[in-house]
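The following pair of complexes shares a single chain, chain A, combined with chain B in the former and chain C in the latter.
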Partner chain A sequence: MEPIIQMTGLGRDFHVRERLRRRKVVAVDDLTVGVEPGEAVGYIGANGAGKSTTIKMLTGILVPTRGEVRTCGLHPVRERRRLARQVGVVFGQRSQLWWDLPVQESFRILAAVHALTGEAERARTGELVEQLEMADFLTTPVRQLSLGQRMRAEVAAALLHSPRLVILDEPTIGLDVLSKQRLREFLVAERRLHGTTLLLTTHDMGDVERLCDRVLVIDRGRLAYDGDLPGLSRTVGAERVLVVDLSEPVPDLLDVPGTRHLASEGHGLRQRLAFDAEATTAARVLADVSRRAEVRDLAVEEPDIEDVVRRIYAARR
Partner chain B sequence: MRATTRVYWRLLVAGFRRQSRYRLAALGGLVANSTFGLLKVVILFATVRAGGGAVEGYDVGLMSAYVWISQGLLGSVNLSGRSEMAERVKSGDVAVDFLRPVDVQGAAIATEVGRSLFNLLPRGLPAVLIGALVVGMAMPTHPAPYLLGAVSLLLGIVVAGATVYLIAALGFWLVDTRGLQIFYLAVSGFLAGLFVPIPLFPAWLEALAHATPFPAMLQYPVDVITARVDLAASLGLVGAQLAWLLVIGGLGQLLTRAGRRHLEVQGG
Partner chain C sequence: MVEVLDLRTRLRPYRAVLASRVRSQRSYRAGFALDLLSSLLIGLIELAEIWVLFHSVVEIGGLHFTQMLLVFGLAELCYSLADLSVGHCDTLPSYVRAGTLDVFYLRPQPLLLQLITSDISLRRLARVAVGLAALVTGLVLNDIAWNVSAVVLLALAVLSGYAMFAAMFVGAAGMQFFLLDGAEATNAFVYGGRYAATQPASVWGRPIVVVFGFFFPMAFTAFLPAMALLDLPGAEWMPSWLGWCAPLAAVWAWIVALLTWRWGVRHYQGGGG
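Take a look at the complex of A and B:
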């Protein structure tokens, strides 16, 4: 099958004026990535790493300086309007709703913009209103919505025309835990139901963990990692953490083979041991701990992805 | 084709509805326009009387009609140079517009025209009514000037919307177009015939005005509605409006295409 996104040697420079000098800034450089239909890809990196610039090139808003990009098999700049029918984009920082009109009015305008038939419009709007729980605020002007409500409406607006490819730029920024959770559940269901391809940028690693089966890490405009999440942890050697609750206070467990003692709570009733999943296993660590003290309860914590990304940056610098 | 018409119609209606949410602002505009209208009446009536009852074909009745219709159109014909599009280019929100399968220029102008048409209700009609009741005016007695006048008025609104769009589109290069907007504001009202009817201009200035699109925004529609010129001449004015629209619209297309390649969306 033809990739839904194909970037080949993609690059974009900006010219920044500083006093009288013009300085060239390479925002994205030599990006070669393909995304297959149906994939869910997390695109992560620090602020200014080049995420938004990439997305703008994928969607035809920004013209690349070098290289090639095909989105849905189309040339994003030349075939902008054809592409717009197949892509839905949510910019967390920008609204695509009509600020002073009721939410449902925005949906109606967008349905006309995408030339949905009356029946398709009713069915799709109904589906989105139900799944994103928007019935309560459909008649409310957009400017009076809470952030959580507005983001749900934004996502619905981007997905109204059932795009094959959905690009979300920081969709959960500023949302509370419950709103994030709701939005993620919706996206998971949407993908399962319609086979939609997802590409999302985020600073929230929960988004990546919950939604994505592939991760791209961009660092200073260049691709730093392309693969799955566990692979990412392995690449940077991120450690997992075994948390054990012991039946009685025990001195810090500093000598368990293959582990590093991180912290103790309650005079040693709860202890946290980091271990490298490549070098040892959770079971072996647990056996070693059990020999020293009685274990009442335990938990294994997955690596913090933010930490993983930080390590990638550190390793590359 | 039908679907395309539906899109821009829908955007126009949206512009209309959005504007309808700002009724208090419309009332303020009406008060300001009417006050200024009375001032114009005082000055221009004095001019007519000083000219022995008629100046360049304007008697008191026609002058009054000119004053109140032009004041009424102030809320609808964009002579300020400001536009939502200019704001969107500056803030980068125009990126969202480019993500839709519509012509960005067409969508912007449709929205602008929708807003303008709404303003005819709380600002246009009442201003003319106030003028007719308080001052009195001479209006045509047969339907042709009104029918053709409605077309001319709509064209005036669209020409203004398309011209203001040009300023906004220059923002693809300049980002902030406030300077241009102020320049537009400074020349548009005068050359459109808002303060003094263009036929009262010295010949050279009148020629200069007709070489710009501004009379097509205000003076021509007023001339057609008030039947200051005969039907044949009115048709000529409407033709001139259409020609301006073609030129300005075409220029807007070119600027949008070139500007898009230049666009560097700010932030986020």
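Take a look at the complex of A and C:
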């Protein structure tokens, strides 16, 4: 099958004016990536690594300086309008809703923009309202929505025309745990139901873990990693952290196999142990700890994305 | 896949957006009334300016007050109609900063049409009314030989004048891709152009005739059609029969505006200027 995204040697420079000199900044360089229909790809990297520039080239907002890009088999700049019918984009930082209109009014306008028939509009709006639980605020003007509500409305707005490819730029930024969870569940369901391809940029490892089966890491405009998430953790050796609350103070647990003791609080009442998820499991670590002390509570901390990215960057320099 | 869409379907997106803009402006009644009032005041002050001038002189550039009223009315009507429908285009930098422009890229309509139909300023209706009143008064008070060609000339003048001012706003929008903080620079052309349009071109020096007579064809929006309508000779380099060429001037204005817009969009996308 034809790839839904094909970038070949893609690059983009910007010219920045500094006093009188013009300085060239390479935002994206030599990016060669193919994405198959139905994939869910996490696109991660530090701020300014080139993520947004890539997305703008994929959607025809920016013209590449070098290389080629095809999105849904189309030339994004020359065939922008045809492409717009097949792609939905959620920008976490900018709104495609009308701030002074009720949510449902924005949906009505977008249905007109995408030339949905009355029946298709009703069916799709109904589906999205139900799955994203928007019934309570459909008649509320967008400017009065909470961030979580607005984000759900934004996602619905981008998906109203049932695009084959959905690009999400920081969709969960600033959301609380529950809102994040709801949004992720929706995206998983949407993908299962319609075979939608997802490409998302995020700073949240949870997004990548729960939504993506493939990860691209970009560093200073270049592709630094392309593969699955376990492979990424293996590459960078990202560790999880088991936090245990014990029923009484215990000396530092320095000898639990497969772990590294990070810190203790309250004379050893709470201890933090780092472990490599490839070498051992949380259950085994917990069993070892339980043999030494009574565990009252526990939490497992995921490696955060900044950490993973930092390690990849460090390994490349 | 060939998409055959009839006109109604093609217009549906623009109609939906514009209808929502109108509804939202009417829903804040008190605010809307205030906006109308302030817009009316601005129109009246512009008119008063001319009236005050004629308090101390009998004629300017060979025109009497009633004849000036005709020029002013025509220019003001065309300008305010353009301002009402496309005036928001020259706030392009705010569209860029808010990311609205990027959102336009994600919709299957041409960018410029989306920008033009993204808003409408109903409060400008007050200035349209001032312009219309001045125009009608000018038409009644002046000695105009009313026949079919005069009516055609008047209709052509209003349509072309509207098109020229609309083109000016679009051109200003195109320029602002380069001057994201330079709204003042384009305002100089937009408001300078409007001001020039309400003047008798007979008082202009030659450099100004070149700039506002032909390059930005402001003399074609009101002065020249009015001269043709009044059967007056016109001005140096600008005989009054040129009033009939207003549609040509409008076409020229749109060519310049669309090229500027295209140039601006290329710059924004970074595809070379």
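By our rule, the second predicted complex is superposed on the first by the 250 of 317 C-alpha atoms of A that agree within 3 Å, B and C clash if a C-alpha of one lies under 4 Å from a C-alpha of the other, contacts with A are read in each partner's own complex, and residues count from 1 in each chain.
Keep this in mind: contacts are C-beta pairs under 8 Å (C-beta built on N, C-alpha and C of every residue); 3 or more make two chains touch, one makes a residue touch a chain.
Bear in mind the structure is a predicted one, so any value in this text is a computation, not a measurement.
Engineer: On chain A, do chain B and chain C fit together or clash when superposed?
Structural biologist: Clash - chain B and chain C, as placed by superposing on chain A, overlap.
Engineer: Kindly classify A:T65 by the partners it touches after superposition: chain B alone (first), chain C alone (second), both, or neither?
Structural biologist: A:T65 contacts chain C only, not chain B.
Engineer: Just chain B (first), just chain C (second), both, or neither: which does A:Q93 touch?
Structural biologist: In the superposition, A:Q93 touches chain B and chain C alike.
Engineer: On the A-aligned overlay, A:D169 touches which partner chain: chain B = first, chain C = second, or both, or neither?
Structural biologist: first
Engineer: For A:N47 in the superposed arrangement: first (chain B), second (chain C), both or neither?
Structural biologist: neither
Engineer: Could you tell me if A:R82 is touching chain B, chain C, both of them or neither one (first, second, both, neither)?
Structural biologist: After superposition on chain A, A:R82 lies in contact with both partners, chain B and chain C.
Engineer: Identify the overlap between the chain B-contacting and the chain C-contacting residues of chain A.
Structural biologist: The answer is residues 14, 56, 59-63, 77, 80-82, 84-85, 87, 89, 91, 93-96, 98, 100-101, 105, 108-109, 112-115 of chain A.
Engineer: Under the stated contact criterion, what part of chain C meets chain A in this complex?
Structural biologist: 5, 9, 12-13, 15-17, 20, 24, 98-100, 102-103, 105-110, 266, 269-272
Engineer: Could you pull out which chain B residues touch chain A in their complex?
Structural biologist: Touch list, chain B to chain A: 3, 6-7, 9-11, 14, 17-18, 21-22, 92-93, 95-96, 98-103, 260-261, 263-265, 267-268.
Engineer: What residues on chain A touch chain C, complex-wise?
Structural biologist: 12, 14, 56, 59-63, 65, 77, 80-82, 84-85, 87-89, 91, 93-96, 98, 100-101, 105, 108-109, 112-115
Engineer: Quick check on the complex: what are the chain A residues that touch chain B?
Structural biologist: Chain A reaches chain B through residues 14, 52, 56, 59-63, 77, 80-82, 84-85, 87, 89, 91-96, 98, 100-101, 105, 108-110, 112-115, 141, 169-170.
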